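In the two assemblies presented below, chain A is common to both, partnered first by chain B and then by chain C.
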Partner chain A sequence: MRKLLILTLLISVSVGMVFAITAEDILMNIDKNMTAKTTWSSSRMIISTRRATRTLSSVNYSKGNDISYSEYTAPAKEKGTKMLKMKDNLWLYDPSTDRVIQISGNMLKQSVMGSDLSYEDFMDDLELLESYTAILDNDITYDNRKCYKLILTAKTSGLSYFKRILYVDKERMIPLYQELYAKSGIKLKTMKLSDVRKVGNRWYPMHIVFKDELKAGSGTTIINDDIEFNISIPDYYFSKAILKK
Partner chain B sequence: MITKLAYKNILGNGWRSLINIFILSLVLTGMIWMQGLYDGWSRIARRQMQEWEFAGGHYAHQDYDKYDSFSLDKSFAAVPPKLQDLIDTGDAVPILYSAGIIYPHGRLTPVVIKGIPAEQNILRIPTTHLRIQDPDTQILPVLIGRQMAKSINVVKGDILTMRWKEVNGAYNAYDIQIVQIMDTPVPSTDMGQIWIDYDKLNEVKALKNSCSVIVLKNQAASTYVGSPWNFVSIDQSMKGVDAMIQTKRVGGYVFFVLLLFLAMIAVFDAQMLAVFKRRKEIGTLIALGMTKRQIIGLFTMEGTMYMLLGSVLTATLGLPLFFYFGFQGFPIPQQMSDFNIAGASEPIRCYYSPIMILSTFMIVMAVTVFASWLPSSKIARMKATYALLGKV
Partner chain C sequence: MLLFILKGLLRDRSRSFFPIIIVSAGVLVTVFLSAFMSGYMDSMVRQNARFDTGHLKIVTNAYAEKLSQKPFDLGFIDIGDDFEQWKTDFPGIRWTPRIYFGALLDVPDELGNTMTQGDVFGMAIDIKDETAVRDIHLKEALIRGRLPRKADEILLSEDVFAKLDLKLNSTVTLLGSSIYGSMSLHNFTVSGTVRFGVEAIDRGGIVADIYDIRAFLDMPNGASEYFGFLPTGVYDDVQVQTIKKQFNAKYNTADEFAPVMLALTDQNNLGYLLQYMSLTLGMVSFVFIIIISIVLWNAGLMNSIRRYGEFGLRLAMGERKHHLYNWLIVESLSIGIVGSIIGAGLGVIVISYFHVKGFNFGAFTKDTSMMIENVVYTDLNAKHILLGMIPGLLSTIFGAMLAGIGIFHRKTSELFKELET
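Our next item is the complex of A and B:
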C-alpha cells in the first residue's frame, strides 16, 4: 500500500512536470491571441484629462505588426484625420490643411491627440516571445481571475520598454494588466485590459485603459466596438495613396 | 562775409531760428541715443552669449540644427582626440544634448537635456551644483534657469521625473532634483533647458564621452577637426541675435526718419519764408553785384549754421543724457526682459562709437543743407529788377 502511494505520487509529479507551463508558452499563447495576419476594428478612444473628457471614433486596419492604417470618424473636428504606419515610418493626414506630414524624431514622443499614448506607443506593436525574456513569478488573482505573473526583460537594447510585468489570465491567456518600465526601473505606463471576449477562435480584450503613470489624469480608454481577424484587406489600405483619398 | 551775413540773418529770424535749432538738436540727440542703445544692446548680448553659451566659439555636430529639435537625438559623436586634449587642459568643454520630457505637476513638458561637466569653468553656468556625490543615486541634481522655473512652476529643491530615450531606443527615466535656479541672461540656456552632469547624461543615454557641441575657451584654439564636426564662430553664433536687434533698429529708424522729415520741413519752411520776406534784400544784393551762386551759398550757409547750432545744443543738452545712459544704462521693462532675447535682462548701457556719431551728424547735416538749398535755388533764376519790385 505504501509503495502504491509513493508510485502514485511520483507519477503525479512527473505528469505535472511534463505538463508544467513555461513562461515562453504563456508568451506564445498571448501572441497567438493578440496578433494576427490582418485585423480590422471599429473603436473609440476616450481621452480623460484634468479638464475634460473627449471621445474619438476610428476604423482601423492592420497587417502583421508593422503596418496599420486608421481613419478617425468622429468628432467632427477630427473626422477625416488619417494615420498610416509602415514599419518605422508614420504619416498623418490632416483634412483641415489637406496635407500629409511625416511624424518623426522628437515628434514621435508627443501624445496622439492629447491621449496617454505617444506616437511611439502607437507604433510599438511587437510579439512578446520574440522580444522579451520572461520569468514566471508567483500566481496572482487580478480582477477576480487567476493569473500568471510574468516579469519580462528586453532581449535586445532597442525596445522602448526595457521591462514589463504582466498579469496573464490563466484560462484565456490574455494579459489583464501590464506595467511598462524604463531601464532605470521607474514605472512609466500601465495597461488594464478587460471585457475579454471570444472572437473567432481567440480571446481578445475589447476594453483597454492606457495610463501614463507620470502624467496627471485618469488615462486613455480604447474600446473596440467591433473587431475581426485574418480578413482580406486590399493592399491599397496600406499605401500612402489612401491618406489623400 | 556770407558767413557773417548768414549768422545775422539767423539771429534776425528770432524764435523761428530757435525752434529750428531745437528740432534739429532733438533729432540729432534722438538718433544718436537710439543707435547707441542698439549698439549697446548688441554688445551686451554678445558678451552675455559668449559668457554663457559660446565662449570663444564652438564645434557643433554636423547634424545639429538649433532650430530643429528633431536633430537632437542624432547629433552626437565621440569627442575627437584633437579636442580631447583641449578639454583635458580646461580649454574646451563638451556638451551633450538630448531630447527629453519632464512631468512638473503631472504635466507633460518637452525639454532639451544638456549634459555639461560639473568642473568646467569656461561658461558661467554654475555647474558645480551638478556634482554627484553618490554614484548610485537615483535622484539626479539638475540646474534650470529662472524663466524655466517660472514657466513650469517649480522651486529649488523640487523633485520631478524626467524621461528620455537611450541611443538604442529604450526609454530611460530618473527623478531629478532642482538643486539650483540660475539667473541666466541668455534665454537659449534657460527656456526649455535642463542642465545635468555630462558623464551622468552619457551614462543614462548608454553613451561614452560623446557630445553634441564642444565650446572653446579661446577662438584661437580652433583647429580643423574634420567630419562630423563643424566650427561655428562667435559671429556665426550671433547671427540670429544680430538679425533680431537689426530688425528692431530698423523699426526705430522709421520713427527717426519721420522726425528728420519733419525737421527738414521746418528748415525748408523757414527758408521759404525767408526767401519770400527778403526778396527786396535779395534783389538789392544782386544789384550790388552778388552772384546768384553767392545768394544760394548764403541761404545754404544759413541752413548749415542751423545744423551747427543744433549740434552745439545737442552737445549741451544731450551730453548729460548720453553719459547717463552710457553709464547707468537703460532699464528694460519687465515685460520685455521676459522675451527670448539675450541682453534684455540688465539695463542696456548705450554705446556711442565715433563712426556712428559722425555718420549720424553727416546725415542730418546733408538733409538740412538740402532743405536750405532747395528754396534758394529758385532765387538763382530771379532777375534783380523783379526782385527789387517784389516779384518772385
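Our next item is the complex of A and C:
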C-alpha cells in the first residue's frame, strides 16, 4: 500500500512537470496566433487629438514579419497614401506630390498620421520568442479573463522596447494587455487588445487600443474589420513598383 | 585748494602715479565690462524679439503650456476676425503672424525617389509684409538667390543647402504633420539661401511664406504665434506688462484654445537672465570698489609711512588732525578724478572700437540653442562711463579714509620727540 502511494505521487509529480507550461511555451503560442506567412486585413484607425478625432481606413498586406504594404482608402486627404515596409526600410508614397519618400533616422520615431504609433511601431512586427527572454510571473485576472503575467526582456539591443509586460489570456493565448518600456525603465506605451475572435484555426484580437504614455489623449484605436491569414498575395504588392501605381 | 593739490600731485609723482594707474585700470575694466554686458543683453533681447519672442506674443493657452516645444498643432486657426479686433484694441502695437514647425526635408532624384534628406526647423512669416521681412533682417541675411515671390517657394539656410548639395530652383519636399495630426507633404522650390548669424537658426532652418505653410499644415487663416512689437522698436518691460495685463483680462479664459499674451521676459527664461545679468554687473562694480579700495588703502598706508615726517611736522605746527584727514581725502579725490578721467577716456576708445568691430562669438555659439548674434557689439552709451567713474572715485575716497585713520593715532605730546629722531 505504501509503495503504491509513493508510485502514485511520483507519477503525479512527473505528469505535472511534463505539462507545466513555460514562459517560452506561452510566447510560442502567442506567435502562432499573431503571426502568419501572409496576412490581409481591412482596418480602421481612430485617432483622437486635442483638436479632432479622425478615422483612417486602410487595406493591409503582409508577408512574414519583415514585409508589409498598406494603402489608405479614406478620408479624402489621406486616400491613395501608401506605405511599404521591407525589412529595415520604410517607403511612403504621397499622391499629392507624386513622391516616394524613404522614412529613416529620427523620422522613424515620429507619429504615423498623428496616431500614438510611431513608424518604428509600424515596423515592429517581430516574433516574441525570437526577440525576448521571458519570465513567468504570478497569474492575474484581466478583463474577466484568467491570464499569465509575463515579463519580457530584449535579447538583443536595437529593439524599440527593451522590456514588455504581458497579460496573456490562458485559454486563447492572446496578450490582452501590454506595457512597453524603454531601457531606462520609463513606460512608453500600453496596448489593450480585445474582441478576440476565432479566425480560421487561431485566435486574433480585432480591437486594439494603442496609447503613447508620454502623450496626452485617449490613444489610438485600431479596428480590424476583416482579416485573413495565409492567403496568396502576389509579390507585386511587396515591391516599390506598387507605390506609384 | 584743489589747484594747489593738483600741482602737488604733478610735482610729487611718487605719491600719485601708482594710485592713478590703479584707478584708471579699474575704471577702464568697469566701463568695458558694463558696455560689453549691456551690448550682450541688448543682442540677446533683440535676437529673441526678432526670432522667438517678439516684445509681446499671443498664443493659445494649450500652446503656452508647451511653449518651448513650439507645438503648432495647438496654435490658432480661422481667427482672422479676432486678430483684427486685437489690432483695433492695441493700435500702437505692430502685430505679425508666425508659424514655427518641424519637418523632414526630402530631396528627390530624377525618378522622384529619396536622394537625400534632413530634419529642418521652419519659420513662416508674412513675406508680403515688408515690416515682417525687416523684423528678421531677411534681405540682409540672403546669401544667394532671391526672396520667395511666387507660391511654394522657400529659403533654406545656407548650411542645409550646402549639406544637401542643392542648387537654386531645386524642388524639395517637406514632410510633416498637419494641425490635425495627419501626414502632410508639399513640394517647394528653393528660391534662395540665408544666414542670420544665429547658430540656433542657421543650423537647420527654412523660411517660408505663411500663406504656403498654412496650406501645408492645414491651418487656414491661422498662426502658431502672433508677435507684437512696440512702436519704438525697443523693449520696455513696464509698457509691455501693462498691455499684457489689459489683454489677458479681456481675452484670456479657461478654454485651452483661448488667447493668452506673454511678455518677452516670460519666455526663454529671459526675465531671470536679464535680472541676473544686471545683478552681475552691479556685483562687478561692487567688487571693483572693494578691490581697488584695498589696493589704495595699502598705497595710502605706504604713503603715510613715507610722509610720516610731513604729517608730524604739520601736526606739530598746529594743523588739526581733522583738517589733515580731510586734506588727505581731497587729495585722493583729485587722484580719483584724474584716474577716472584717464580710465574713462581709455574705456571710450576701447568700447568705440568694439562697438564698430564687435566680438565674433561664432566659434563658441556653434552648439548652442540660445538666441545670440554671432557678433556681439559693445553698447556705446554715457551711462557706462558714469558706471565706471563712480566706483573709481568712491574707491579712492574709501582707500584714503582707511589709510588716514593712522593720523588720529599720533600723539601731539610725542611729535617733537618724533621729529628730533
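Please note the rule applied: the second predicted complex is superposed on the first by the 233 of 245 C-alpha atoms of A that agree within 3 Å, B and C clash if a C-alpha of one lies under 4 Å from a C-alpha of the other, contacts with A are read in each partner's own complex, and residues count from 1 in each chain.
In this section, contacts are C-beta pairs under 8 Å (C-beta built on N, C-alpha and C of every residue); 3 or more make two chains touch, one makes a residue touch a chain.
Everything numeric in this text was worked out from a predicted model, so none of it was measured.
> Once chain A from each complex is brought into register, does chain C clash with chain B or fit beside it?
Clash - chain B and chain C, as placed by superposing on chain A, overlap.
> So in the superposed three-chain picture, is A:Ala52 touching just chain B, just chain C, both, or none of them (first/second/both/neither)?
In the superposition, A:Ala52 touches chain C alone.
> Is A:Ser111 touching anything from chain B or chain C once the two structures are fitted on A? First, second, both or neither.
Touch status of A:Ser111: both partners.
> So, does A:Leu159 touch the first partner chain B, the second partner chain C, both, or neither?
The answer is first: A:Leu159 touches chain B but not chain C.
> In the overlay, answer first, second, both or neither for which of chain B and chain C A:Ile101 touches.
second
> Quick check on the superposed pair: does A:Ala76 touch chain B, chain C, both, or neither? Answer first, second, both or neither.
Neither chain B nor chain C is touched by A:Ala76.
> With both complexes superposed on chain A, which partner does A:Leu188 reach: first (chain B), second (chain C), both or neither?
Only chain B is touched by A:Leu188; chain C is not.
> Taking the superposition as given, does A:Ala20 touch the first partner, chain B, the second, chain C, both, or neither?
After superposing on A, A:Ala20 lies clear of both chain B and chain C.
> Counting clashing C-alpha atoms after the superposition, which of 24-32, 42-50 or 294-302 on chain C is the one that bumps into chain B?
42-50
> Please identify the positions on chain A that touch both chain B and chain C, taking each partner from its own complex.
Residues 50, 104-107, 110-111 of chain A touch both chain B and chain C.
> Give the list of chain A residues in touch with chain C in this complex.
Touching chain C: residues 47, 49-52, 54, 56, 77-78, 81, 91-92, 94, 96-102, 104-107, 110-115, 244 of chain A.
> In their complex, what parts of chain B are in touch with chain A?
Going through chain B, the ones touching chain A are 69-74, 99, 101, 103, 105-108, 110, 138, 161, 163, 165-166, 168-175, 204, 206.
> Of all residues in chain A, which touch chain B in the complex?
The touching residues are 50, 104-107, 109-111, 154, 157-162, 182-184, 186, 188, 212, 214-217.
> Where on chain C is chain A touching in the complex?
Going through chain C, the ones touching chain A are 62, 73-74, 104, 106, 108, 112-114, 117, 119, 173, 175, 177-183, 185-187, 218, 256.
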